[in-house]
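Dropping the structure in here first, questions after.
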């Protein structure tokens, strides 16, 4: 009964994610208007509430909100996925090395991550953005990866630390395998399951981080559009034109919910310590 | 081993972390070297003036010496001067800190209270409708962006219902605190509820709860005294980690509610490229996080005697 | 089913049925169990693990985890009070005061975050309304009674600071602190070292004499029963298969399962030659979800004939105070 419910949740999450992904990819087809099109008619350059012509209403310049959300999905998802992949690669690499070699490397690693993790991630990202002075999309992705990788690295280090004591590692050594081969052929595959789970949750927290930064005006800059920047634009009119805030926020919430559901499901499916 | 000895030992362990995080802030500062002065002076800054300012800020010495001087200044409570406002960063921080602490404590208190209550309810009604409902709400809660939740709360409770003010600090009036605290704590209600539930569910299977029932204790005493006390460690751990996460939301929540705290100071300074303020506020956020997890560690010792003795042997 | 003279009994269990409703099906952990205990008597309840001994004990205290377990039928009377009909609050007040229980695992049955003294005093304060201080003194006194070395110091310690034997002494002290008329001891020595086992049993026997309570001693080890109990109930797959006085049972076991259990006890006299091999009962305890038709022991019984599988035998009188559930008995 519970298992079924769990898996139903995972299924719902996956469907939700795929829907959002499809919507983002097909934005040019699906979007009813050009997201940047400002009506030539001056009277139409106003924030219109959701209606038959504009399902989710229009923004300050009369641009169609639904179209902007669809195009915004591309940036938000791109950042979420790119940061998650970078984080997974960096985290797995550093984590494996620290866990496998233990000793001094590990001690330095632990102190470093201790120090980085003392900073609330968004605070560190804000500081980095301030120093970089209006970073572009790529720089933004790098900044988010730089503040998010430590948790993944810690997780993989823990896995590697326990794996290196296992028989198959000794067996591989006995057969004359070298460190690199053991790392890549024996440890890495056994870390993939937890890595996959944490990456799924990671996409959620990256999307939230990007949205937060953009909301504060420190992330995606116009004319580019992300869900966070839409919220940033709409926040000013919160009380008068609430749809400008409600719909982009719903888009974020549903996507993050999808990631969390899928992550919960994956974790149940793969077990908390699939290698152990 | 007593609490005091434990606290002392933990303090010593903190040293490398503190060193590490000041090093990170210093590295960020060094990374931005030169540019901030130019940025503060504008594009047409006179090179001589820039050189003088660089000397004034100690930016011409070797890095390790700069770090040493940086640490020494920090220990004196000197966080540098704001480029924009020409006042000590420390003054700005001291001015803003109380509002942030007040908000964070209220938010955490709320999150712990609601989260534990929801988690216990869910665990006790395990597998039934109330459990499912609680956990669904918790999941939706942790999937909602902090600042969006804040704006939705404003729409509902301030604009539509008019129960609470829309924003502002309100001279410390508690009504101004309610919505920001719910916003900042909302995420953690979900986390704490989920952790309380799973941790308590594990404890509910323990033999000593059967012993407690066999003693004739009331079910409430069995759950809350014998059960929750044993489930407390993971919850405490989460609260410790959570305070860091909670502070992630501080810049966002403070921005949404125009709350005059450290987070808004940081955001404004970042927008203005007032780097000394950015770095000072960043460092302070880290110090608060470290301090909070230190306090939580001390709570461990109180909550679970096994930690105390394990710690004593090591 | 014979009806009992309830008046002279301390505890009467009649046709008790406790089922577990699991995803795989209904597990009839206790399936029509009847027995009685007289005041001051020690009744041994014997059987392999999974035969329903512990669930029977938990059913008496109404502590069967629900869900998935539920008492679906039968009656349990204690001093004439129907326990199964009691409202939850009055039932709760019986636990720990009139009927106390000690468990198999002293390692996990004590709460790790409270001192030993707190845990003993808690029940005393609850049932006897003693002040915090008086209850604490009572805890020290109880620890002394169970021969805990250095009770004034130990009372302030946490369970993880004590050895297994000491923890079981704490459990006993806790159970006896409110002077129960019935003590249910569920495998009290199984988890302990052999040398400690004897000490704990000896302690139980002595305390029972001193305090005049009845004991329901649950064990898988007939050897434990021989020295401590007056009567024995043998359980198999949720059923009582034999009931007799200890002397009768050892001298003249009537059920093949009981005979098998007796053969598997290492005997000092016989074992002196060092040659005789212990006979284990062949086969495994059947799954309660998939019981053989007829006699539940028929799959493992060397006497089994087709008749055994046709219908389950009744528990019938085979001697003065001796009953067995076997057509050959």
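A, B and C are the chain letters, set down in written order, and residue numbers restart from 1 in every chain.
Going forward, a residue touches a chain if its C-beta (ideal position, glycine included) is under 8 Å from a C-beta of that chain, and two chains touch if they have at least 3 such contacts.
Treat the numbers as computed from the prediction; the structure is a model and nothing was measured.
Participant: Suppose every chain is reduced to the average of its Cα atoms; which one is closest to the average of all protein Cα atoms?
Facilitator: B
Participant: Could you pull out the chain whose C-alpha mean position is farthest off from that of chain C?
Facilitator: A
Participant: Whole-Å distance, chain B centre to chain C centre, using C-alpha means?
Facilitator: About 52 Å separates the centre of chain B from that of chain C.
Participant: When the centre of a chain is set as the mean of its C-alpha atoms, what distance in Å lies between chain A and chain B?
Facilitator: Taking the mean C-alpha position of each chain, the two centres sit 21 Å apart.
Participant: With centres defined as the mean C-alpha position, give me the chain A-chain C separation in Å.
Facilitator: Whole-Å distance between the two chain centres: 57.
Participant: Which residue numbers or ranges of chain B touch two or more of the other chains?
Facilitator: Within chain B, the residues that touch at least two other chains are 127.
Participant: When you check chain A against every other chain, which residues touch at least two of them?
Facilitator: Residues 1.
Participant: Of all residues in chain C, which touch chain B in the complex?
Facilitator: By the definition above, chain C touches chain B via 58, 61, 63, 67, 92-97, 100-101, 103, 105, 108-115, 122-123, 126-127, 158, 160-161, 171, 174-175.
Participant: Any idea which chain A residues touch chain B in the complex?
Facilitator: Interface residues on chain A, with respect to chain B: 1-2, 5, 111-112, 114-124, 126-131, 133, 204, 208, 211-212, 215-218, 231, 235, 238-239, 242, 245-246, 249, 252-253, 256-257, 259-261, 264.
Participant: Taking the complex as given, what residues does chain B use to touch chain A?
Facilitator: 16-17, 19-21, 23-25, 28, 31-32, 35, 39, 127, 132, 139-140, 142-148, 151-152, 154-155, 159, 166, 244-245, 247-252, 255-256, 263, 266-267, 269-271, 273, 275, 278-279, 281-282, 285-286, 289-290
Participant: Quick check on the complex: what are the chain B residues that touch chain C?
Facilitator: Chain B reaches chain C through residues 127, 206-208, 210-218, 226, 229-230, 303-306, 309.
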